[in-house]
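Two complexes, one shared chain (subunit A), two partners (subunit B, subunit C).
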Partner chain A sequence: MRRTYLGEFEEVVLLMVAILDGEGYGVTVSQALEEHTGRVVTFGTVHNTLIRLEEKGFVVSELGGATAERGGRRKRLFRVTALGSRALQEIQQLRQELWQLVPPQSLQLSSL
Partner chain B sequence: MKRPDALPTPPRVADRLLSWFVAPHLREEVLGDLHEEFAWQVARIGERWARWRYWWDVLGFVKPRFIRRLNPKYSTPNPTDMLRTYLKIALRHLVKNKGYSAINIGGLAVGMAVAMLIGLWMYDELSFNTYHQHYDRIALVMQQQLEAGQIATNNATPMPLEATLRTEYGESFKHIVLASWTGGHILAAGDKKFTETGNYMQPGVPDMLSLKMRKGTRDGLREPASILLAESVAKAYFGEADPIGQLMQLDNKLDVRVTGVYQDLPANSSFRDLQFIAPWDLYVNSKDWLIKSKQLWDNNSFQTYVQLADNVDMAAVSAQIKGVKRAHVDAKLAQQKPDVFLQPMSRWHLYSEWKNGVNTGGRIQYVWLFGLIGAFVLLLACINFMNLSTARSEKRAKEVGIRKAVGSVRTQLISQFFSESLLVVTLTFVLALLSVQLLLPAFNEIADKQLTILWSSPAFWLLSLGFVLLTGLIAGSYPAFYLSSFQAVKVLKGTFRAGRFAAVPRQVLVIIQFTVSVTLIIGTIIVFRQIQFAKDRPVGYSRAGLIMLGMTQEDVHAHFATIRTELIQAGAVAEMAESGSPATGLWSTQNGFSWRGESTDEQVGFGTIFVSHEFGKTVGWQFNAGRDFSRAYATDSSAMVLNEAAVRFMGLKNPVGTFVKWEGKSWKIIGVIKDMVMESPYEPVRRTVYMINNGSGNVVTLRINPNRNVPGALSTIEGVLKKYAAGIPFDYQFVDQAYAQKFGDEERIGNLAFLFAGLAIFISCLGLFGLASFMAEQRTKEIGVRKVLGASVLNLWSLLSRDFVLLVVIAFTVAAPTAWYFLHNWLLKYEYRTTISWWIFAASGVGALLVTLLTVSFQSIRAALMNPVKSLRSE
Partner chain C sequence: MNKPDHNAYDPRAQPQAVPPRWVRWLLTRLHPKDTLEEVEGDLDELYAHWYNRSGKTRATLRYVLNVVSVLPPFVRRRKQTKQDYEHLSSLHPAMLRNYLKIAFRNLARNSTYSLLNVAGLALGMTCGILLFTLITYHLSFDNFHPQSDRTYRFVTEQHRETISYSRGVPAPLGKAFRTDYTFADKVARLATFDDMLITVKQGQAMAKYKEPEGVAFAEPDFFGMFNYPLLNGTRATTLTEPNTAILTERLARKYFGDASPMNQLIRMNNKIDLRIVGVLKDLPINTDLRAEIFASYATLNQYDAWLASDDSWGGIVSSMQCFAQLRPGITPQQVERVLPAYVKKYRPTSKNVHHYKLQPLADMHFDARYGGAMTKTNLWVLACVGLFLLITACVNFVNLATAQALNRSKEVGVRKVLGSVRGQLFWQFITETGLITVTALLLSLLWATILLPVVNEWFGARLQLKLFSDWQLPLFLLALTVLVTLFSGAYPGLILSRFQPILALKGRLSQQAIGGFNTRRALIVTQFAISQTLIIGVIVIANQMRYAQQAELGFNKEAVVMVSLATNSKPQTQHTVANRFSALAGVKKVSLCQAAPASRSNWSTSPRYDNRPEDEPFAVNVRGGDDQFMSLFDLQLVAGRNVYPADSVREFVVNEAFVRKLNLTAPGAVLGKMLSLNGDRFKGPIVGVIRDFHDKSFHEHIEPMCISTVAENYDYYAVKIDLPMAQPTLAGLDAIWSQTHPDQVFAYQFLDEQIAEFYETETLMLTLIQAFAAIAIFIGCLGLYGLVSFMAAQKTKEIGIRKVLGSSTGQIIWIFAGEFTRLILIAFIVAMPVAWFAMSRWLQTFKDQISIGPDVFAFAMLGTFLVAILTVGYRSIKAALMNPVNSLRSE
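Our next item is the complex of A and B:
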């Protein structure tokens, strides 16, 4: 199977979308990002990444949920697709496999 | 969370900026997110920081992904795309109907080319003399005086007029220039010796004519023995060497020095033959009679040109100087009531004809005539173009229906048809421009002009553009406005039918076309008949093998007898003679003749020609009564030969043997000759007296021995003349050629009229051909049905041709009286004119009918011969 390349920031954003479980859109994703990782990025970057993820097929989006703060404008809500969740799981699995291979002393040394 | 009542709003400028650069399909969600975030941030970090952050976020969207616009799902064509399809379709139509396109474009291109040629010709005529900067301030002094009860107008003025104008009216003029007549003179430099045309003029002339000096100055003419040369002449004599200061000899006796070289004057200047200018004083002082003429008011032999002072009015000055001659002449001359007036330069070329003291026009009539013809030919071509375009466009009603069904708006259809006709007209214009460029040399030959296309003239392009637009719009207006108004349903169902009267405007246009064509044909025939009539006129002498030499000097006269015997002995000439005027001109008219039985006291002029004894034998004049001059009678030195016109005028019954008093002498009439046509072949012959000359004549006439071949005889003559009169270049002219030149103007008009009439007929027939084929095509089914029902080919042929023949007959009935009216008036101009006989009309009517039938028959017979099975099968 072709392995889809997922950048580090893309991976984090994809995870946020997964965490938000259907409630993820520009604002919530960037707030979650700030809350959980402490990273402050511009909206443009978040949007950009979301669009790219959609182009790659990891998320799908639909419009909906207009509120007064938004001046009646709709949100683009993102959900993780099967392809997206598989990609996340593959990464998770790969990391676990890699962790197994790490000799215990090397990490202890580096922690010193 | 709780919101304050007055909600803080995000920075408006940032919003506007964002809306401008972010692609429309992303705008909503992006703005929404930003606003939501802003509201949240206000609550968290305060409005001020939230605004900062807002700006920061907005600028974060400056990324290609947000700026790039989505590819539209449906095409949004811009106007040029549409235009491109229109043009593509127009081109496809042109290519599909090759025959029609060729007729349509070809016909219009011919018409346009003709109009362009005529336009250029008119421009040249109307801009005559404008080369001279002071064009509107220059005038020629002319005079009018009574002569045999008629007011004669002449540009020859007496010499003292100039001095008088200078002293009495000097402040009205900037320059006054007395001049001789531009004519041939022998000009020699070193061993080069040619005849050049030039004139003796007073030194104001270079300034007056604003000559463009190439070398030297305009003041060069003020030096006593100087000469100004035209550039081409200077080059012919001196090549690349500097001509200034070179010595030349004029007429074998006047030594002059070149003091200036001027740019050659253009062909459309009255002074175009002015190849050199020599000082007036040099001329006057070279001859006794000229010195005497300084005081003579009755020797009208010189030209006076003036340039007005800056602040005066031409008409006012003209009125002011009216009586200047009358105030200075004696009572006898005053009887002739001489009036002096100014003829402005702008009128020299186009308004040169006078009748009884009234300016009756002149060339301007031809300018308008040809302008009219050009307009008509163009009109014919336009009519064709419109007729064919509209006829064709009816076939396209279905196309209009379909276009409407798939959503074309009316304005789109209109612009489609307009762009189509403009495309065709533009193509035609390019074609016309090319053909004009190709035809110009030939046209210049016929019209005796040096025309060029005015590539750099904005007026020319503006006019052309205007014309292209106008023709395109008019021709396109029918399909554009009429066809586009159809209801799509009706057209597609087939219930649409062009009305009964749809063809009426087309028929009217065909009638106009043929009216113009037939008028032109009749006109051409009559012009040629008039020329032929004048050519056939008996001239009273024989022109065959007659040559004349203009540049004779004392040399020939001194050795006349020797040269003559030598030439006759050599067998080169049959006879030779000297005379005061050539056989093709009458250079001198004098007053003061009186005779017994004279009816008036008035001063009347007679043509006076002094000849040598052999003149009659040389030209071969024919006697009605009496005898020729003879050396056998010493008394012939005071004898006269009269022509018939003179005898008729004098009212003498038996003229031979009677006496005429002139210049204090009594002259015996010894003979009466048949009128010799020496001047215009269209005018009656002037009353003329011939007398024996004692001095040298102006012209030597020789009749080549009919038994010798001409080139051999000419070389013998040249050899003999060289021996005795080395100073004279052998510039001879055949009398019959000189005579033929008198028909130049009329023949030029005849040729041009012939050309244009031919083109008009050609264009009309082209249109008719197209229309006929269109009609035949439209009636294919009808013809098929008729054939099935038993109609013969002849029936069908007459059915299809009848309409057109009727149109031509109507056109003829309009054209005949029109042509008669105009040509009758034209012929009145000529004293000696042909009659307009009925057969000319009959011939041109029948001719037009035949041409029409031929044109139409080709199509109608083809349609009539078609197998009805073929035409009826397809449905």
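Our next item is the complex of A and C:
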């Protein structure tokens, strides 16, 4: 099965965009990341990852309308594409399949 | 202004939450422009968030850190491709297909233009291909031998008053070096003799063959150094015994057909029997050793006992070469240091001081001093000429293409409106150029194949176009195609793709817009400068050649046939044959001689004059000739008398140069004085002095010379014949000769042909430069024609208006004529000093030279003008005669 490689951080950011459901942009994604995973990253990391995800076709973006907020500067809002959601689902499914294969005692032993 | 709500992020609403200005300034300056707006907004929002949560200091710190994280080099740039419609890459198959289709249509529509382009390019490329083949051919000479970097040839510098060079060494040197020193792994002597008579028994009959490449006597180590593989026979036993030989496959088939040649006998010069002990694979074309029969060195004493003996230190002949393969780590300088000992030991008193040198095998083909066939300088000159021609062809292409550019402005306009970007248009034109180049390449390959035999004949070379068997030529062709395409397509491509669509569609492009009429003028000037330089070269070389061939040689070379003496014939037989020759109706005079007065064959020695204790410090050329020699060649006596008939050396006649070298003024002063040559081997009084004549080519000074009856050195009957009766006379000579020597082959050559061979190189250069000049002029004219056509199209309206306002046809033609007159004049001013400089240098290699007068330049310029007028005449007259109604009617 051939698919575009999706890194761990990319996967998390993509999930955040999915969670925010159309309201995702630089600030909200950073904050959600911090809130849900406890990871504090620089804004540049989030910015770069979003651009990379867009290049890979997992998200699309558009500039929101100008509002009086933040000095009239527009936001770039991200949405997950069909490709993106399929990628997430595939990862999810793969994980599930792998979990099925893990013998119950092995994880119990190691986690103890 | 809206009232901000409680958690609004508007910094203006919360004046205290403003991030530091300098950081924001940094951000606006350095962050990529296309994402600046959103990032600036996001960071402001975050700042306000941090400010509310953890206070000003921490917020500022985090803000700085995060700004840095979106500055280069950390920030990722958004790709520029996000546009409203999709751009296909120029290399997309659909685009390529489109380019090709449009290219074909354009070429088909402007068939004249395409033809001019293809013809010009193909011509240039043909020259390129042929010259490339020639140059690689020469560079490949003898490069296939194992350890060739350690293989050297011994050569001799002969220091007298002047230094002369010979590829030969004294025969015993090789043997002495091999026994005395351990520098070399292998040492082999090789004695080659041209023009051998080979007799082979075929059934009952004896078949006779004249082998012009002759026979080489080789020591066994020779085949260990030189990679000429044996087909039959083993190397270890080959060529150790006397009277054994190996020959090439080709000769084996010629002599013995399909029968096995092993252990068969061949007879050399009716004297020496050779048993075939091996067969060599045919010699490769790129080797300078052309003998196809290798006899064992032990056989040499039957052919030339003096040369084969161990004490022939006295003289060197170019036939005797010696090769050595040095042990690894031994430098040639080490070897050269020990060689003077031999001179001291074996030639202690000789005025001709030998210096033996080691010449690397790789230089053998290129060092003219030691008989190398082609100097590297000449190869460079040829390479430059080839490059020049290619440049002219490309320049021509650029010229024609830019001239065409205006006609295509509408197409470019439409394409741009439909969304073409510059890159695409550029590649479109490159594709078109590529198409023309490939067509030209195919055409030039065809031409090169057709012309190859001619080139081979000119250069005496054996070139082959190895298109598939070798990587060099295909690689060159690929590089040629790519470079020519880029070089000639880039400029027109840039010009065309730069057009403003609005101007292009309105048809309002001016000359300035399409990139400089002046560029094209400069290109034309370059082309004509090159062709005029070549024309001047042609005229000078041709004049010098004519001068050399018509100048007073000092003797008469007309109607003289040089008939080779039979090998091993006795003086008595020679006289009988000569007398029978004289009896023929068409024969005026016969002389037995060593060579004609002017000849390559050379015997020079240090003379001893008037019983002085020492040899004179100069060399004298000796010509053997009988009493008829001087009258047959019309040599003029200035003092004394001719020699009397004799069969050995009794008396000498010397030339004026000899007298001058002795610092005597009156020619009569040497009469009656004794002269000894080669020690005391030849001795006799000087009885006459003759006027100087050119005994070698005009490249050389007239050297001291003496003539005597050295019967043992005679090689030819010089026969003066009645030219109208040449055919029956030659048949008569053949009959008499073959009757006397039934076992040998009759051979003759006219003297003027022999002398013409002196000037082989010059004749070749003349032919070449003529060809190149013709090609350069032709290509130049194509360019000129293109320029004039372009001008005519540009000035259609102007000419119409001028005619309406009363211009005469003549005045209109002058618009064109004036233009190219100016260009040719400028080109001429550039070409003149260059050509003058180059040709003066060339003429300096001749001792008797013509001077380059103004007539040469005048002639070159007139010639160019004439050709140019012919080229542009038709086009400009057509433009001038056009009815103004037609050109002005439509607007």
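Definition applied: the second predicted complex is superposed on the first by the 106 of 112 C-alpha atoms of A that agree within 3 Å, B and C clash if a C-alpha of one lies under 4 Å from a C-alpha of the other, contacts with A are read in each partner's own complex, and residues count from 1 in each chain.
Here is the rule we use: a residue touches a chain if its C-beta (ideal position, glycine included) is under 8 Å from a C-beta of that chain, and two chains touch if they have at least 3 such contacts.
Being a predicted model, the structure only gives us computed values, none of them experimental.
**Student:** Mind working out whether A:Gly71 is in touch with subunit B, subunit C, both or neither, as first, second, both or neither?
**Tutor:** Touch status of A:Gly71: both partners.
**Student:** Examine A:Arg39 and indicate which partner it touches, taking first as subunit B and second as subunit C; both and neither are also allowed.
**Tutor:** neither
**Student:** Could you tell me if A:Arg95 is touching subunit B, subunit C, both of them or neither one (first, second, both, neither)?
**Tutor:** neither
**Student:** So which bits of subunit A does subunit B touch that subunit C touches too?
**Tutor:** In the superposed arrangement, which is not itself an observed complex, subunit A uses residues 25-27, 30-31, 42-45, 47-48, 51-52, 63, 69-71, 73-76 for both subunit B and subunit C.
**Student:** Which stretch or stretches of subunit A touch subunit C in the complex?
**Tutor:** 25-27, 30-31, 42-45, 47-48, 51-52, 54-55, 63, 68-71, 73-76
**Student:** Residue numbers of subunit B touching subunit A in their complex, please.
**Tutor:** 26, 28-37, 39-40, 56-57, 59-63, 65-66
**Student:** Which of the residues in subunit C end up touching subunit A in this complex?
**Tutor:** Listed in rising order, the residues are 1-2, 4, 8-12, 35, 37-46, 49, 65-66, 68-71, 74-79.
**Student:** Given the complex with subunit B, which residues does subunit A contribute to the contact?
**Tutor:** Contacts found on subunit A: 25-27, 30-31, 42-45, 47-48, 51-52, 63, 66-67, 69-71, 73-76.
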